[in-house]
Each structure stands twice: as C-alpha cells, then as structure tokens.
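One structure below.
Letters A, B and C name the chains as they come in the text, with residue numbers starting at 1 for each one.
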Amino acid sequence: MLSSEFVVRSKHINALNTELKTLNFSRAMIQEKIREKARELLSKKAVDLIIGFGEGSLPLRATPLFIRSLEETDRLIWNSFCENNLSTYLHKLSQFKVGLVVKGCDARSIIALSHEKRFKPDQLFLIGVPCQRMVDRRRVKKAVKGEILRAHEQGDQIIVEGEDFKTILKREDFLYPSCQGCIHRTPIKADVLVGDPVEEFPLIETYHEIEEFEKKSPEERWKFFEKESSRCIRCDACREACPMCYCAECFVDSSNPKWMEKGLSPQDLEFYHIVRAYHQTGRCSGCGACERACPMEIRLTYLTQKLNWDVKELFDFETGIDAETPPPLSTYEIEDKQEFIK
Amino acid sequence: MTAYILHFALCIEELMMENPYLPIPMVVKKSHLETTDRMLRTLEFSFINEKDAKAFHFIPGQFCELSVFGKGEAPFGIASSPTENGSLKFTINKAGVVTTTLHQIEEGTEVGIRGPLGNGYPMDLFQKKNILIIGGGFAFTTLRSLITFFLHPANRNKVKDITVIYGARTPGLLLYKEELVEWGKRSDIKLVVTVDQGDKDWKGKVGLVPNVLEEVAPSSENTYAVICGPPIMIKFTFPKLMALRFPNERIYTSLEKRMKCGIGKCGRCNIGHLYVCKDGPVFSYAQLEKLPKDY
Amino acid sequence: MKWKLDKKDFKPFLQSLMVEYDLFAPVQLAEGVSVYKKIDRPDEVDLSSSNTQKPTKEVFFPQSETMFRYEKTGNQHQVTSTEEVERKRVILGARPCDIQAVLLIDQVFSGKEYTDVYYVNKRKATTIIGMACDHPLSPCFCSSMKGGPFHREGSDLLLIDLGEAYLVELLTEKGMTFQKNKFFKEALAKEINSAKEIEERATKKTDGSLPVAGIEKRLDQMMESPFWERVQEKCIGCRICTYLCPTCHCFDIVDEALTNKGQRVRNWDSCLSSLYSQETSGHNPRPTNRERTRQRIMHKFNYFPKNFDRIACVGCGRCIIYCPVNFDIRQTIKEIQNSILQNEK
C-alpha cells in the first residue's frame, strides 16, 4: 500500500506550506461562501434545490444534504469529510434545476456526463470548491485504539477523542490515495468558485501506486486482485456511488444473454469488477467514490487508476479536463491506432 | 418424432421434514397454442408418480411454481379444474426465459411443479350464491378453473346463477375458444363473450368489458363477483360494479405480483404485511382497501 | 454455578470443539473487515472487532446457497437435495443483537404450513456460543429494541470477556451439555462480580432512549405521506444496509446450469433493488427509490410487527456505520415519531 513518504516536487513546497497554514481559515471561509451562494441561488429562484454537504451523524462523516429553503442553508458545511461525489444524484433529478457543490474530481465527472448528454445545458449550477484533499476516515479509525466518539479539524490537524484517549493526528498522513495524487483539485467549468484556486501539485506521483504495483509479477498482481475481489458481497454500492454508472439495465442483471450468475463464485466476482472498471475507461474521474462506498474495503481504485493511466499513455486523455474533447473510446478517427489488429 | 419420457428420481437420504422447495416431477402431456399472436400456449402436465397425483388436492384460484431445470421457476395459475382428474393445465404467456422455454418444450419432456400454492377462491362463501365472473385477456386462466368446477354435475347445484363476461382485444386473443363455444350452448350458464375489435369472421359482441357489464347489468343481490384482468380493465370495470351496488366484501380478484418462493419466505411479493403467494393471490376488495397500494 | 475459561485454554478449547463440531466464527478478511466462516484452525478466529460486517444469520442463511443439484444422465434426471447438515455446528462469538435477529428470522423460516428445511436443519444442528459486548459502539441502539449488549435470549452459552479469562454462562439445555468440558473451571466470586460490573457499564453505554413505542401505529397513517419522498433523497439505492442487516431475509432463487447438469441456488436479495418487484408485464409497483425505501422501513417497523409482534430491527448499527451517505435510521425513526399526521394538524 502507501508509504508515508511524500514525493513533493520541491518547487511546490511553498505552496504546500501556505496551504497547510491557511487550512482552518480557508475551510471556514469556503463554508460561509457556500452558504452565501446557496442563499443567493434559492432566493433568486435560480435553482430548485441545492445539493451540498451537511453534518454527519457519526464522527468523521459528512452527509449529502438536499435543501430547498433559505432557512436550511445554515446546515451546509465544508470539511475534509465531504467525500461523496454528488454528481451521482443528477440522474434522478432530470426535471429540476440543481445547484451542486463540487470538488475538482466531481466537476470532472460532470464534464464526462455532459459528453454523454446526461443533463440539459442550463440544468446545473456548479458551486465549485477548490479541494484541500479529503481525509480517509477508515485509516483514521485504524490509527487509534478504541472507538472515536468525537473528531474535529484544526488547521492541519485532526483531533480525535474517545472514551479514554485524545489523539492529535497530522491530517496530511491520512488523505485518500486518490486525493494525494490529484492534480485537478480546482473544479473546471464551475459556475462559481467559492475559494481561491489552489496550486495544482500532487503529494505523491499521481499514478504512484500503480507504478509500484506494475513492478510485481503477473502472478503476484493476480493474487492481489483475487484476494480483494473475494471479499465482494455483490451489494453494488460501488456501482450506485459512481456517477458514471447509470445504465437502465446493468450487465449483471441481464438475463438474456446472461453474462454472469448472481452468487458469490470467485469468477463472477472477478468478472464483475473487471467489466465494471472497463466500462469506466475514459470516463472515470478518479474520485474514489467506489472504494469509499465499499463496506468490505476492496481496493477498487487499483483498477480505475490503472485504466486511467493506460488511457493517458495510449490516448493522452484525462477524463473531464476538457469540455470539448470527447472521450477517446466513444469516438472513431481514421488515424486511430490499429497495431492490435494482426 | 418419438417422445421419450425422462424419469425423475429424487435422491434424498433421510427427510426430516418435507422440503417445500423440491419440485414434484411432471411430464408434458400436450402443448397447443391458444392465441393467434402465438404468445399464449396451454400446456397439460401429468404426474409421473401416482402417489403425487393422489396427494395433490387444489381448489380453483390456486397456482403452482413451474420448474424448468436449468432455466428457473415461474408461478402460473392453475387453469384446469380439480374435476379434471389426473392432469394439470396451465396457460402460459411467452415473456421471459422460463416461459419461452415452456413454449418450445416437447411433449414428453419432464418438468417440475411446486404446489398447490396460494389461497384460491373462497369456495365456501360462494355456496348457494349467484356468481358473476368477469375476465379480461389472458387473466382468464384461473377463471376457467372456477367455471369448469361449477359446471361439473357434482358441483352445479352448489351455486345458483352463473354469469360470465369475458373480453379480449381481438377474437384471435380469446382463450379456450372451443370451451367458450361449448359453454355458450349450455342453459345453466349465461356467457357473454366480447372483443374490443372484431374481425371479418367475428359474429359475436363487440364492446369493452366495462360497457358490456353495464349492459348485462347483473343483479348484485346475493351475488359474488370475481374479476380478473389487466389493470386498465379493472380500473374501468370496478366503478361499474360499484354502480351495480356490489359491496367490496363481495368482489374478489386475483392479484399478480413478482414471486419467487411461493410460500411466504423470500419476502418479495408482500402487499403490506400480507404475502400474495401465501395470503393471496385471491383477495376481496374489502381486504385490499385496508392494504397499502403497493401493487 | 458459573464457569470460566482461561484465555490460555481458549485455542485448545476450540481445537477440542472442532473434533465434534464444525466451528463457525468471525474471521478477518482484511483489517477492519470480518465475516463468519467455517474455521479450519483456531488461530483463524478473530474476536477483536465489535461486530462482523456480515451478520451471524449467514451461518444459517448463507448469502449464496445451493438448494438442490440435478444431473441428466441419459433418460434420467437425478435430483439431490442439499438440505441435510452433515455435522453438528457451533457458532462462536455471536453478538446478542445478531442472535436476537436470528430469533426473529426463525419465525419467518419455520412455520406450521411450510418449513424452510435448509434454515431449520442448520438451526437445529447448531449450538450458539454468544459473546457479550463489553465495549458496545456508540451507534449501537440494541437497548432501545428489546435487546442489550448482554442480552441472553437465544444463546446456548454466553462468554463474557474478563481480561485473562472468559466467564461462561450455560443458558440452555444445549449449553448445559458443556458442563463437563475439561477446559471449564469454576468461576471465582470476584470474577462473577467483575462480569456484573462490565455488564452494567456496557448496558449504560448503549442508547436505550430511541422512541420506538407506537411507531407501527404511526406508520399505518403514513403510507402516502410526502415524508417518503424527502427521506430517501440522499439514498443512492445501493444494497449495503439490507445485505449487512441481521434481520433482512429476502432471497432470490435462480438456476445455474451447464448442458446436462446444474443447481438451483438461492441468493440474498434486496427490496432496494430496482428489479426486485419488476413484473413480467413491465409494471413495477415500486418504480422509484421512494417506494423502495418506504417498503424497507415499513417492513421493519410496521409489516413485520403486524405478523410477528416485534420490530424487525435489533439496533446493531451496521446500516448506520456502513452507509456510504450516512443515512441514519435513528434519525428516520425520530422523524417518523415527530411527523405531524393529517388528523393531528
């Protein structure tokens, strides 16, 4: 898994330090700006509803919040636990004008969805938040002995308290791997940015985990995947959390032709994850929602990262960066490479 | 084409209690198309083991889960009457994997059934009453069972007047055409067959079932109504029944719901706290009024 | 008389059990992820987490279970049922909430008219060694649902972790057959007292204040309430809550087939799945997430109580902990109880 060393490009050290110093201030400011914007949009009736984040009912959690009135805007929050990709809700809200709070990765999903014509042009108002990277709540839980009863952020620290402990953790040590490698934290094509655009740099090389993984032999790599997928309980949370999975009939539910069974045979579990990852090729923004949703903590981002890397290498394409360029796997050009045709 | 019988042997060591998920072995005796659109086919099955045949007692309105090994199971109302000894008839609409296989199945092939399941029509309540039967389209299957039962000499005296209104979209889509002709000749049953749209050969009535009901205007006094049909037909026929002053307690219907186990365990077919497979599929409107509109 | 099992004797005790029984216990699949599995070696057992992901019911009602196999040989169809249980079983480490849930599901699967032999055979063959919760988690609300961290109903034996040893309570006839077990020693008075203190502390920790009284009657009036549209908005329709819920019992039956042989299998299913109530005609009585989440909540708090006099929730907290969007059933219960009904307006 991840080493705790950060490969920070030296020219970004100043930017990182500034970012760390101003975390508290910018978090509070972002939160206030989100509320302001929500109030403005709702009072002008520019949107039917706002989807943002609210206080979770458990420590280290935030929860998606749907608000329609001015009184509710004070419930909107912003912190390092706002980990969901809210664009997944758009598929069931096609008749409404929606104000959506988006991080960098979420905005990329929106651009990918717009290529697929999943919503009408002026249906969305994107409230873009330049992201300070999200905290991996599972790793925080595992770092302490005992149940965390309260948690809050202070600057670049996470302070967790239990019945008989209070521990201060360095926030930087507990970021999601996908966030550590992210270089698109400022939402692209947002209608408004509620914070200053951040300097884009990764804390570890963007595809670092995959590069390390590729050094292993094919047998070792398969063993890893076999072990991860063997835990799968077919709950389909990865699919539902993913904004790009919106097929009316998913391939797993097809009975004619029947691609796979509904049980827990290892072949079916492996087949499901491989095919679902492939269906994301050229469409995945690397938001990590799939992995974060999985109750069995399967490392799904290994698959998506690898495919994203391949798409970058083979087609020089990254999902959701450019609203004009369509995904390479949904277009055909005469000049497309054909070496695989023998 | 030689038909060959596949024998079905159950290999169970010591059965502690009866396993309700194991199908009873049956063989396909006959298969013929019912409708001109080729979507409805009646299959007749007979029991392979005599002891299964002897133990199988059912009443009209009950259903069975038909098992096609390798394809799956699906529930079908029993179209034959308990008076038609030795075999069971089902009319099957070709819609999915199991039903398509049943449409293509050869006579002599072995299948399984689990049943009889469900509550069936309230035969006790029908005693000494008039019966009004309203059917639409291919929901007529269990109504055939009910009518055939009461027309049998041993049972005809159990009920008073029998009125049947049966409608289909076109003449070709009527089920049990030969039987309809036979019933029409009888004096102890009033049969009105209607179609939404006639054709050049059709000499019978043309009209939607709700309108025909209004026309026939059977008396609701001392009468039980049984109505089975597509939702749209029920939606427009029900107010006509109300206008004829049928109370909810005397209107019965057989509900459709996606089912799996058929015995109230898998949870799927619930309407509120009742299960269509176990507490139904036959319900009175008085019962349905108290249940959530979850069907 | 109370017994104890020294922790140094724990593995030998398990080893001795495995001679006679198939032993099922929590096994760690990854850090923080554990499920019940059949144990091959005592060191596979992991009792460190407060609860497994998949609940104890899985031992009686596996997520994927073959019901019968069939084989076509020439003109014969050979059907072999898999309902028999080969060996006696012991479940080790089941939490009181999960055991309560098994008692609830018992009522569904056993029955005068039809008996689910697959479930019942396993139940009959199994001895349950429960593990009391000395450190319940804060989302646990078993005490509000007629349970509690030391609730004894359903356990044949109950283990209480005293630190160096487990206090062992033999609760049923099946449990009493363990009296002569060579690893059980007589518990000392101070150990028994220590267990009492742990029980008191733990029971205080769980939330017993959730207002569930009368929720069934309240829901009777809420079937068409706009409440359902609102409450389900953030639900993404994944099935985690139903798959990890110890009282959920819905399943699907399918055939898996090769040319001449195959099997009929039952797999867990969920009312939250969009195809769950899809009818062949194309009609779906529960077309959107609104109807489906309503079904789930009504089933737990209204339909099941109508049939069995108990709310189908044991307060284990899994649906709260694992929901990707932090849907909290405790909040939903409070909202239902506080909702203004038509006739109260």
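Basically, contacts are C-beta pairs under 8 Å (C-beta built on N, C-alpha and C of every residue); 3 or more make two chains touch, one makes a residue touch a chain.
The shown structure was predicted, so the numbers you read here are calculated from the model rather than taken from an experiment.
When chain centres are taken as C-alpha averages, the shortest distance to the whole-protein C-alpha average belongs to C.
Seen from the Cα centre of chain B, the chain whose own Cα centre is farthest off is A.
By number of C-beta pairs in contact, A-C leads when A-C and A-B are compared. Spacing of chain B relative to chain C, judged by their CA centroids, is 39 angstrom. Inter-chain centre distance (chain A to chain C, centres taken as mean C-alpha positions): 32 Å. Chain B has its Cα centroid 52 Å from the Cα centroid of chain A. Within chain C, the positions touching two or more other chains are listed as 252, 254. For chain A, no residue reaches two or more other chains under the stated contact definition.
Chain contacts: chain B has residues 96 touching two or more partner chains. Remark: chain C residues 29-33, 50, 53-54, 63-64, 135, 137-139, 233-234, 236-240, 243-244, 252, 254, 256, 265, 267, 275, 288-289, 320-322, 324-328, 330-331 touch chain A in the complex.
Contact residues of chain C toward chain B in the complex are 67-68, 70, 72, 75-81, 83-84, 108-109, 111, 113-118, 120-121, 223-224, 249-255, 257, 262, 264, 266, 269, 271, 276-281, 283, 285-286, 291, 295, 298-299, 302-304, 306-307.
Across the interface of their complex, chain B is touched by residues 255-256 of chain A.
Interface residues of chain A facing chain C in the complex, by the touch rule stated above, are 56-58, 61-66, 84, 88-89, 92, 138, 141-142, 147, 149, 230-231, 233-237, 239-241, 253, 261-265, 289, 292-293, 295-297. Every residue of chain B that touches chain C in the complex is listed here, in rising order: 4-14, 16-22, 25, 68-73, 93, 95-96, 99, 110, 230-231, 256-258, 260-261, 263-268, 270, 272-273, 278, 292-295.
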